[in-house]
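Listed after this line are the structures, all set down as structure tokens.
The same chain A turns up in both complexes below, where it pairs with chain B and then with chain C.
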Partner chain A sequence: MKTILHLDMNAFFASVEQAANPALKGKPIVVGGGIKKGSVVAAASYEAKAFGIKNGMSTWEAKRLCPHLITVIGDMAKYIYTSKIITGMLRDYTDLVEIFSIDEAFMDISKTKNNFGGEIKLAQEIKKRIKKRFGLTCNIGIGPNKLMAKLAGELKKPDGLIILKKEDIPEKIKDVAVKKLCGIGKKTEKYLAELGVKTFGQLNKYPREKLVKRFGLAYGEQLYQMGQGNGSSTVAPYYKETHAKSMGHSYTLPKLTNDMDQVKGYLLRLSEQVGRRLRRDNYRGNVIHLSLGFGNYKFWGKQKKIEDYINDGYRIFKLAEKTLDQRTTTDDQIRFVGVSVSNLIHNLDQISIFEPDENKKRLLKTIDKLNNRYGEFTIERASIMETILQGKTGMVSPKSYHLNE
Partner chain B sequence: MDINAKIKIATIFQDGKIIPKWFVWESRKYEIKKVNYVWNDHQGREEIIRFSVSDGANSYELAYNSFMMTWRLQKIL
Partner chain C sequence: MEFTCLRDDLQKGVQIVERIVSTRSTLPIIGNILFEANKKGLKLSANNLEVGIELQIEANIAKEGAVLVPAKTLASIVSKLPTGEVLFKLKDRGIINLSYKKSNFNLHSLPADEFPHLPKVKEDMAVKIEAPILSKMISQTIFSSSTTDDKYVLNGVLFTSSKKEKNILRLVATDGYRLACRSQELDEVAGEILAIVPNRALSELNRTLQQSSSGNVNVIFGRDQISFRYNDFYLVSRLIQGKFPDYHQVIPKKSETKIKVKSKLLLSSCERAQVIAASAANIVRLEIKENELRIIASAPDVGNIEEVLEVEIKGPEKKAVAFNVRLIIDALRAIEADEVMIELGSALSPGIIRPLNVSDYIYIVMPIRTQEAVSL
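Take a look at the complex of A and B:
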């Protein structure tokens, strides 16, 4: 039987800001795009959550719930650095560390836990070190697989440490809502509720054939296994390099807008960032996906496949822009823009027989060199100079907080 | 509040750590009573080490460019 540990930092961005500025400690704060009209909450402190403030909520709505709320502009560099140091700490206990997101990780401690006095002492030591180094707290869940470890971490927040053993399932968690299980979204939660399944205990007892009939063979079986407390226990370690399937960037706009010139400005900047990352890691792709989020929290997305494999930000932008122009409904105000490139191939750099193409490649190489030396967007297109990503709150690739210092 | 001004500073280098003790900005000396948070950032190939520090009254973000060996008061928090 494996022992899997799941670590989840508590209100990560907000807690880092509170640790960095003592004046914010113990106060309701949100990290996001500031107090401008239409800005949204990217992360809320526990003190803010107590007022009913949730991530993704508009700052205006959050201020209505808590008039003395403090808003802080996010600083990704601070969060990435903190995440990297914590990841380094985790690797002191096992080399099987899988980064799940900027503030979450799985560890397979089956073979190493006894070197540290068992799983509880090991977990306590990790919590202590993080607290001492950064003044931050985290939840740790321990279980026989990733599903149960993550669920265990959900059971007591903040600063929890819960162990779920195989023999605890289902009794110890029978009253836990099914939505707490990783992989059960709002739609599945709704469909399960229609079947009378709202808790883990109810899912545990629900007949497999009925789940398969309702959700299909694959997902129905997966839900049944989840109800039995079964799940993957394979932790993909940080050093096993896997090829990226897609690369993208997204950004929550400082305020809701219908101004398409402004949206396109952000889209161009994001496309340039995607192109730069593709070139840095020697990728090209031929499927360009545009996604938009609206003020009413609905999303829209469309993709386009082309013949060439590209990594030029401007070409990515032109394709995404074309997709944007094809959108038929334009009433909703936009709050979020994202662009990604998928169907990637690695290390393909064909010499073009057309001189202008080669000139463009040389130009991009020179721009990359200058930006590597002097910082991102030292050289940038004039048309995007007004679309500064506030506080670098754009999406961050897992790679940027994944690897060694 | 963004400041981004050059400062004169006294620091201790101890056990691989940089501990800022005081800085002078616009002819006024600020005694650093607590280093709250330290993190690294990059500007191209230049590493910037950032410090959130307090003098008892206010908190400040200081930035040390280890390539140029310069210190700046980045902002008052």
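Take a look at the complex of A and C:
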């Protein structure tokens, strides 16, 4: 029997902001894109949640619910920095740490828990360390698999620590709503309700054949297994992940634009981020893909293959920019920009014949080192300082906030 | 304007000039071929504003004149014509009539006056080279040049000659990872030459030169342009402006280990290794030990290969260096010598390939830093 631990930071973005600025402590705050038209709440502090403010709600509506609400513009660099350090702490307890999202992680502590006085002592120590370092709280759930561990974490918020043992299932959680199970969304919840299944206990007793009949063989079987409290217990540390096929970043602009200089500004920043990520994971690629989204929800994309395998953000940008300039129709207003590099090679570097090219590689390495040490974007191109990506964006994929090893 | 000529002559001429015609330009007129008939004969010209070609072909001129004909349409019809005589006639309202046997077709044309005529190169330096020699010089270097847009100055071959070595003309090409340098002693090269000639122009020139066995090419170097005249063929190209990297510096002064090997055997081994290496970024490892050269490649989902060649080794005998096998194959194909000398240094220093006992050619290839090399 495995012991899986799930850690979920409480109101992560908002709490980080409160920790960074003591004046915000104990106050209702939301993190998002400011109070511009169309911006939404990316994260609300517990004080704000008390007013009925939820994540994803428009900032304007949140303001209506709580007139003295403080809005903070999201600062991804801060969250990534914090997340990385926490991940580093988790690795002190097991090497099997799977980063699930910026504020969630799974750990397989089956073999190591006894070195720390058992799972409860271990979990308490983690909570204590995070609290001491950042003043942040988290939920920890422990269970025989990832599904049950994550569910356990859902049971008491904030600052909870709940253990579900095999023998506790289903009795201890029979009244828990099915929507709390990871993998059951709004739609499934509704369909299950139509079958009279609202709680875990009901799902646990519901016949397999009927689930299969209603949801099909694959998903029906999965729901049945979930009802029995079964789930995967494989914790996949990122360094064991299969090789990446491509790496990219995208960003939805704050508002529609035809201003190509502005679009290029974002493109440069995104390209630099792609380059940074390629270098961090030791990849290079020679296919550069540019994608644009327009106000009318149309998309346009084009890729270009070159001889060299590259990981230099500026070269990625120059190639993407060229593709952008070759676009013939320019009527539609742009809403979304994305750039990615594919056809990747790993751990290989064709040495250049001319010293200046090798020097450029060394320069990038040094900048990377500084950014690793002092936080993301400590050193960046002056020309992209104006294009700060605000709030929760599509730019952060799990890999970019992994601890550098 | 009216002339008759043989289909084969016309087809050959159109094919040569048509290759450089650009149809995607913002200047539609350069999508045409200029036909000029005068006392001297028939001249075809194309110009894509970077490279221009003129070609004289045999024809019986009945009436002088000039006209522009859409290149792609003409080329595809001419290539399908039956052999024999073709009559070309400019009729009213710019209609061209081409008749062959009992059939004929009409094609719309444009007046010749707006066509951008090929510029005359203002001469700084002139050089005369035998066609087969120039052809070989180009073949042995051009493949090393870059085709990547963002390495603009490397998108061509450097033609260079210095006052120090008065009668040596050198062609140098590099893509930043390998470099090929071919020198040739000529009867007379007077002074300094430093010109980067675009790949595109040289490959068109070489297409013509490769079919020749004798005769001289007259090369005229200008400040911004270069021209090549060979018999009835004339090509003019703009030069790439910019500073070619200092290639003298990258040629290693001496190397640790020298390996003498039969080129054909090595080429075949590399070609076999590439079958596997193709799935692994083209990487092969060259290992030497006790008079054996091993070429090793492996790809996780494909398989692996180990080629062993008996060689003569001078210098330290234990070495392993990783290379992109394509860069090695390119050189072996270009060198055309029975035996080559491979020179290796450390895992991160350049490898050299040169034909044995000939000092006019050197090829430098940089290794690949692999994980093993990093940990060394």
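Observations on the model:
We take it that the second predicted complex is superposed on the first by the 252 of 405 C-alpha atoms of A that agree within 3 Å, B and C clash if a C-alpha of one lies under 4 Å from a C-alpha of the other, contacts with A are read in each partner's own complex, and residues count from 1 in each chain.
Note that a residue touches a chain if its C-beta (ideal position, glycine included) is under 8 Å from a C-beta of that chain, and two chains touch if they have at least 3 such contacts.
Quick caveat: nothing in here was measured; it's all calculated off a predicted structure.
Applying the stated contact rule after C-alpha superposition, one finds that A:61 touches neither chain B nor chain C.
Applying the stated contact rule after C-alpha superposition, one finds that A:309 touches chain C and leaves chain B untouched. Contact with neither chain B nor chain C is seen for A:175 once the two complexes are overlaid on the shared chain.
When both complexes are overlaid on chain A, the residue A:345 reaches chain C alone and has no touch with chain B. Of the two partner chains, chain B is the only one touched by A:134; chain C is not.
Of the two partner chains, chain B is the only one touched by A:78; chain C is not. When the two structures are aligned on the shared chain, A:373 is found in touch with chain B, with no touch to chain C.
The contact surfaces that chain B and chain C form on chain A in the two complexes do not overlap at any residue.
Partner chain A is touched in their complex by these residues of chain B: 34, 36-37, 39-46, 50, 52, 54, 59, 77.
Remark: chain C residues 146-150, 174-179, 245, 249-250, 281, 283, 324, 348, 350, 364, 366-371, 374 touch chain A in the complex. Of all residues in chain A, only 16, 19-23, 77-78, 81-82, 134-135, 371-375, 378 touch chain B in the complex they form. Taken in their complex, chain A has these residues touching chain C: 306-309, 315, 318-319, 322, 345, 347-357.
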